[in-house]
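Take a look at the structures below.
Both complexes shown next keep subunit A, but they swap its partner, so subunit B is in the first and subunit C is in the second.
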Partner chain A sequence: MGALTDGVLTGSVYALMATGLTLVFGVMDIINVAQGIFVILGAYLSYTLQVHFGIDLFLGLLITIPTMFLVGIVIERAFLARLKGPEKTAMSILVTYAISLVIEGLLNEIFSVNNVQLSASYVNESFKLFGIYLPYIYLDGFLLAIGLLGALYFMLYRTRFGASIRASLADQSAAALVGIDVKKVSTICFGIGIAVTAAGGMIFGATNSFNASTSYDLISRLLTIIVLGGMGSLAGALVAGILMVTLEDLVGVLWSPVWSTMSFFVVLIIVLSLRPQGLFGKQSARVA
Partner chain B sequence: MTNSPYVSFSGVFAGYGGGDVLKDVTFNVPQGGITTIVGPNGSGKSTLLKTVSGLVRPRAGEIVFKGQNLVGKSARDILRLGVVQVPQNHSLFREMSVEENVELGAFLVRDRNVIAKRLSVIKEMFPIVAERSKDKAGSLSGGQQRLVEFARCLMLEPDLVVLDEPSMGLDPKTLKSMFATVKMMNEAGRTVLLVEQNARQALKLSDFGVVLENGHVRLSGSGSEVLNHPEIGALYLGGTITKASNESEQ
Partner chain C sequence: MTERSTPRWRQASTAVWLVAGLLALLFPVLEHNAAYQQIGVYTLIFTACATSWNMFSGYSGYVNLGAGVSYGTGAYTMAIVSRHLDPNNAQGGASLFWVCLLSGVAAMVVAYPIGLVALRVRRHTFVVITIAIFFTFQLIAINASFTGGTGGLFLPYIPWNASYYDVPFYYVGLAMVIFAIVLSALVRRSRFGLQLLAIRDDEDRAMGLGVEVGKIKLTGYVMSAFTIGMCGGLFALLQGQIYPQFVFNPLFDISIALMCFFGGFGTLVGPILGAVVLESSQQYLTVQYSNGSLYLILFGALFLVVILFMPQGIVVFIRQKRKQRSDRRIAALGAQ
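Entry: the complex of A and B
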């Protein structure tokens, strides 16, 4: 039960971070391998606001989320909007990897390679749930992730802009033919995809110690989540995110922590060999 | 229908980077009628329609509609001028409901009341939209999807409707209803520019016909003139106009 609880609480945060990644791939055909470093950048922004300005981690999101949104917009306009043609997806991996390396270098320069962790009263204090003690930040992080995913869901399914995103996810040419500005939708989607890393990064940084190179572990997990869930599928990101952490915890508790990380990749290989499009992916077309 | 040119193609050259698909295409589309473009595969019919809707930008020439050159305008700006296109492949958003798809046809309209009014008119014109409004578009048959695509394109109340091979993949019964719908759209005041492999049926319906071959306009005239032209039969029996001309001269 404890593993399941942790799986749902922590998995939802991974799902939030992976949602940004899958949204960007779905709309733009871009695989953003810099998502991991953006999460760490988000964590460092929260760290800076807290340590240097004394701003609470959750309150700081009012600054870090819009900041990361703007970072996303600038990067999309400066680099990714230029990618075109059949090699766009492959090139996007190289371009975002280069962006990742630059940001990693800058973070190492500014913050050094020493690990840090965000702290607050709710990070250090625990509560008991199903027989295990969990710091409040797990519950707060879960509520934040669910709140943001809910807001994202509302935006996607209940607004005109959301309809334009879902249409662009399904078929960019058809979307253009009904008057949707697919370029603008792409830019805003990339901004949203990066903005969620501010929240994900803050929770990650409060529950783990990190430095810039932690991004490599993160991006491998996030990519695995969206591949398992189905590239471009938002529901898939949520299910796979929760599944990943739950499975790791279960294997760690019931068998051995040595195999916990590997277990998810074993499941990934099995699922992909049976369903190459992932749990919620479509073979011929991506869907919202 | 009036004889004045509504859309005027003048010296249009266009392609996809690997050479021109359209080579000096020049003809006029009269206002208020149905104009059908026919021709063998690869003759540039779909490319021609894409130049009208802004999906392909000609490298030379002019396409004048309502006094404005469409060349260089974005797909959105061309939509705003009242030109909508239903592409060759099914273009409904499969995971969205039928109603959501149709509403997206009025994406450029901001006023929710206007959209609601138009939707109710469309539901009367196309009962399938009312009957299956909450169903996913992907669950409809090919013919039903085509009708919903027509319904969607009318949400913008366009002046010019561009249809790219709407009969593709439809069974004979659905084909008949599809052509009846094209006629209905025209009678409702829309000028229709149609590309169709089902040439004879389409030309029978048309006021004006254009034959494209290898990116050139080889023949144009009234629908019946093109339909009854001796070279057309040869073209669709596998020959080319040039070959047919040579044969008729001998």
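Entry: the complex of A and C
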């Protein structure tokens, strides 16, 4: 039961980060492998605001989310918008990887490679739920993630701009034909995809100790989530995110924590053998 | 007639190959500094890996970011097998090099089931799956008992004089490079190679024309694992100690891809050029400055510049420039 609770609480945070990733892929055909380092960057931003300016973690999000949004816009304009042609997706992986190397190097220079963790009263104090003690940050983080996901879904399904994003997601050229400015949609989408890492990074940084190289572990999980859910599928990212962490916790409790991380990859391989397009992927991804 | 097939161009390229080959052959004789000799070995290892990687990913368009699986499998095979061999035997330790072949075979054996699963999806998803599988292998290496866990494994020390310790490694590496280049060139000219290229250009159409895409992709994938596995074995032997994050290294995956894109994705010469330039400069920077994060920044920035300004790599960039020049010349002749 404890594992399930933790799975759902932590899983929602992963789902938030993965939603940004799958949105970017769906709309732009870009696989952003820098998502992991952006999460870490977001965490370091919160860390800096807290340590040097004494700004509360949740309050700091009012600064870090717009900052990360702008970072995303600049990167999209400067690098990703230039990619085109049949190898676009492959190139995007390499470009975003290069970006993540640069950021990793910069973070190492600025913050050193020593692990840090965000702390606050709600990180250190616990409450009891279903027989286990959880720090308040898990609950706060869960509420924040759910709130942001809700806002994101509201924007996607209830606003005009959301409709144009979903149209671009379904078919780019058709969207362009009915008068949607796909370029603008792409840029803003990338901004949103990066902006969610500010919140994700803050919660991640408060629940785990991290340094720049933690991003490798993060990105492999996030990529696995979106492949499992089906690339470009928003619902897939949500379900797979929660599924992943829950499964990991369950295996860790019932069997051995050593193998818990692997269980998810095993599920991934099994699912892909049966359903190559992922749980919620479009059928067109299938190849004989 | 295209510019590439003129006799002058062909003579020039033969000359370049000969000079490069001669330099590669004589390098340990000309350069006695052990640090630089070791850079030479690393460069050869990466050249062979990049060439072999390109033979599958470059020709078929399926970018494999899990080449480290083959590399690490090769390295661990070497580590586990060589512990049972005596480095002081009659050939003075050189027989250990033959284990590299076993490393290559092990890498192929591992690549087969991975290919079966991973190649079922289209190329975008394939990239992501290879990354996921790579991390699975890293985890296995960290957690399993036969790999020695995070502490890794020690390999037997070969009793050679330190002053020429790297020389045998250098020539074994060179042999692997030659093997990889010859294999890649043969594939490129064969029917099999054409089928791979057809998959890259348009997989559905290739399938429609009767190419057995599944089988071709799997064969290419498994073939490319062989050389990469051998290189992993050689690397392990050279290092004398391996641990999971060291041989299952995500930077390895991306470096190989970067080298190929830098030189020319899908061309024969591109990966060689990319590996020689990037690996030697990386090693040199590491030796000179020993600052890892500065190197990351430089490497990433350089890569961004190359991708954005020469998206098809140096080799294709030069070819296009040559073609433009010859087109202009032909147009000028026509105008007269």
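Note that in this section the second predicted complex is superposed on the first by the 284 of 288 C-alpha atoms of A that agree within 3 Å, B and C clash if a C-alpha of one lies under 4 Å from a C-alpha of the other, contacts with A are read in each partner's own complex, and residues count from 1 in each chain.
As a convention for this text, contacts are C-beta pairs under 8 Å (C-beta built on N, C-alpha and C of every residue); 3 or more make two chains touch, one makes a residue touch a chain.
Values in this document were obtained by computation on a predicted structure and should not be read as measured data.
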Given the touch rule stated above, what does A:D181 touch, subunit B (first), subunit C (second), both, or neither?
first
Where does A:N114 make contact in the superposed view: on subunit B (first), on subunit C (second), on both, or on neither?
neither
Please determine whether it is subunit B or subunit C that touches the greater number of subunit A residues.
C
Check the residue A:R166 against both partner chains and state whether it touches subunit B (first), subunit C (second), both, or neither.
first
Could you pull out which residues of subunit A sit against subunit B in one structure and against subunit C in the other?
285, 287-288
How about subunit B: which of its residues touch subunit A in the complex?
53, 55, 75-76, 79-80, 84-85, 87, 91-96, 100, 103-105, 107-108, 152, 156
List of subunit C residues in touch with subunit A within their complex
61, 63, 65, 117-118, 120-125, 127-129, 131-136, 139-140, 143, 203, 207, 213-214, 250, 254, 257-258, 261, 265, 292-297, 299-301, 303-304, 307-308, 311
Complex contact set, residues of subunit A against subunit C:
25, 29, 31, 33, 79, 82-83, 85-87, 89-91, 93-95, 97-102, 104-106, 108-109, 216-217, 219-220, 223-224, 226-227, 231, 258-259, 261-262, 265-266, 268-269, 272-273, 276-278, 285, 287-288
Can you check the complex and tell me which residues of subunit A touch subunit B?
160, 163-164, 166-167, 170-171, 173-181, 285, 287-288
